[in-house]
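Chain lettering (A, B, C and D) follows the sequence in which the chains are written, and residue indices restart at 1 in each chain.
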Amino acid sequence: MKTLIVLNFKTYAESTGANAVRLATIAEKVAADSGATMIVVPQAVDVFQVAHRVSIPVYAQHMDGIQFGGNTGHILAEALAEAGAQGTLINHSERRLQLAEIDAANQAAKRANLTTIICTNNITTTKAAASLRPDFVAIEPPELIGSGTPVSKANPEVVKGAVEAATGVQVLCGAGISKGEDVKAAIELGTNGVLLASGVTKAADPEAALRGLVEFV
Amino acid sequence: MKTLIVLNFKTYAESTGANAVRLATIAEKVAADSGATMIVVPQAVDVFQVAHRVSIPVYAQHMDGIQFGGNTGHILAEALAEAGAQGTLINHSERRLQLAEIDAANQAAKRANLTTIICTNNITTTKAAASLRPDFVAIEPPELIGSGTPVSKANPEVVKGAVEAATGVQVLCGAGISKGEDVKAAIELGTNGVLLASGVTKAADPEAALRGLVEFV
Amino acid sequence: MKTLIVLNFKTYAESTGANAVRLATIAEKVAADSGATMIVVPQAVDVFQVAHRVSIPVYAQHMDGIQFGGNTGHILAEALAEAGAQGTLINHSERRLQLAEIDAANQAAKRANLTTIICTNNITTTKAAASLRPDFVAIEPPELIGSGTPVSKANPEVVKGAVEAATGVQVLCGAGISKGEDVKAAIELGTNGVLLASGVTKAADPEAALRGLVEFV
Amino acid sequence: MKTLIVLNFKTYAESTGANAVRLATIAEKVAADSGATMIVVPQAVDVFQVAHRVSIPVYAQHMDGIQFGGNTGHILAEALAEAGAQGTLINHSERRLQLAEIDAANQAAKRANLTTIICTNNITTTKAAASLRPDFVAIEPPELIGSGTPVSKANPEVVKGAVEAATGVQVLCGAGISKGEDVKAAIELGTNGVLLASGVTKAADPEAALRGLVEFV
């Protein structure tokens, strides 16, 4: 399976609106030049325009466990799918959900044919999330987020533990990822790839940062 | 001042994606034929395409009180503005916020030149919301939402009370609104217009429903 | 193992303050006269006085996944334990938690030697909750809560499915339970007992209701 | 009016359970020896035992805007009042509430004859909170909480602004308060007193810290 690079745009100025389209275009180019699969994850508001400008997969950052109905201000799976999204993060550390909501969101996403990545914070919650049968779980130990220290090197046991706990579900890891060697270490620990944000979006040269990430792929 | 009809698309099938564009186009036509100002309020995911297809104002259903940064899954004022939104609901009854978040969202919206409508549930919270200086407050008594009984006729005192409590801030009212006479009653009570959803989005003939709404304007 | 009757006092007038002590005393008497284990679950405010007046186990209705520190307005495991609680509900349908909070609350409870019951809404979330290794999971299908229709008779498959999904973790079931035959059906489906509230607290004669519950034990 | 010292016990080890009773007893003694009114604010679980051991006012740290009913895991005004509480904080920075919840909690507290202190973060939200007519608002600028820098000295304008904004409602201030001169400055700015926590609960000698606080009263 190809190495997966999931690039979370968050709400950074460098990856909002026209900048989101620009960054997605760079990711598309680097993906084409490398053996990696690049997935871009813009804000809900930017999903439509990004998905209409690049051919690499576009995922949403969050989705609610709702159906068509009276849900003002919520994010609907069917709206994301129609706008061009192919998948979604669920339960990101900056947008945690209740257990029953994660389950409902995962099921709602499946109904709309969206690939699901449930984010988790440790081995125990990874096992719980995996038992809901998403396509992926993405473990991000909170103490390493934004630390500059890559989880795949700082805490290989937690990544290995997550891979074991997530029986039958593919695993990504995140927190502190910014270099090709971090990605390499993540793959060697049994994951399918990484989830990252500021290491690329806030880099002086995002294209160089992305090329660096996939240098060992 | 022109009568304001704020049409909340919620996450109904009839007002999602291509249907959102279609409904916004109908609203644009009815607005042009009448003396009313029509504002359409699609889901965050649909704001971009709706705003690029109609020339009437497009508002968001919800916005977070955040700035550029690490806010995965949140709705950023600057992203909405760049996508073409001209305003936003804040604190809708289906997406309530903490008091400090309402204040932060209202301020963030102003920074991005978005018009703000803070939703409230009674006279007391209307006064509190008005003291945050949004452009509008919209009072919707929860017991009348989806009741089919228009607030402007069922409970004129609460609407009048809201108009008095919101010193210096314009008032809309909602809940149970579906006919022209409901709008007329709302205006006579001192409001600038109405906030409604299912009365139009779920109507057998949305265009006829919209034309009916503005018949006395 | 003895049949478990977990009696949630919620915030009913009939089970608040002095009434909570009175109802707990009745439960203590019925427990002594029957082969069942009765656990009473008063509000946090009432835990201290109830635990000092009866010798049957007292559980809390909710607990936060926190440690000693700056957590104004939260419920601390160590405070519950010192007040006399022996266990706690976590993630009740009226007080849902985020997945990471459920995990943290379960671990915090263990540190304070509190028995944990994680509440769930379907088979999938039961499996997820069980993977966090609480002492019990309690499944309560939301559509049957307060319906008067006992889950153990209306939907035996969901109870059986929960028992299978919760490998190694004991299961309770709730929703619509009010009679001895409902408890009997629950035990026959493989659970260790039931979680109930209004069937007893709102009964004209709570003692008779409790005696009825354990008639087949 | 007497200077008000509101002492939030949070969930510190030094102010939980038996330690909460001990600290409340110290506060009672210092109050008797000084001209100040001391209010102690233990966790919900500790309200009953603290209120039965001291004669100074005991307030809760949080209360929900609910009535008797099915509200598992929530804090009920009537339960607090029956346990001996005389008042409650609402919307503390560590337990923020939605605007409609603050209003409902304030009203529920009044029904149970509890004095209310709504916490706020800036001048704007102070004005909004005051318009709900609580007994007090307590302004705590988040950037100064736990900073060691007293709000009454670091940012006198925000305190003065809060006093002006809260027309007809008494004002407390908090954040960084630990000394008598901080209290003196707060009173001189027009407040009725202070809200504090770690300055006393975490002090090597809490009694000395409390005596220091009231030295200029």
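List of remarks:
One rule holds for everything that comes next: contacts are C-beta pairs under 8 Å (C-beta built on N, C-alpha and C of every residue); 3 or more make two chains touch, one makes a residue touch a chain.
Since the structure is predicted, the reported quantities are computational estimates derived from the model, not experimental observations.
Taking the definition of touch as given, a chain qualifies here only if it contacts chain C and chain D alike; none does. Under the contact definition, chain B and chain D share no contacting chain. Of all chains, the one whose Cα centroid sits at the greatest distance from that of chain D is A. For this pair, chain A with chain B, the centres built from the Cα atoms lie 33 Å apart.
Rounded to whole angstrom, the centroid-to-centroid distance between chain B and chain C, based on C-alpha atoms, equals 42 Å.
Chain geometry summary: the mean Cα position of chain A and that of chain C are 37 Å apart.
Multi-chain contact residues of chain A, defined as those touching 2 or more other chains: none present. Pairs of chains that satisfy the touch definition comprise A-B, A-C, B-D, C-D.
The part of chain B that touches chain D in the complex is made up of residues 91, 96-103, 120-122, 124-125, 127-129, 131-133.
Interface of chain A with chain B (complex): residues 8, 10-13, 16-18, 43-49, 60-62, 66, 68-76, 78-80, 82-83, 89, 92-95, 146, 197-198.
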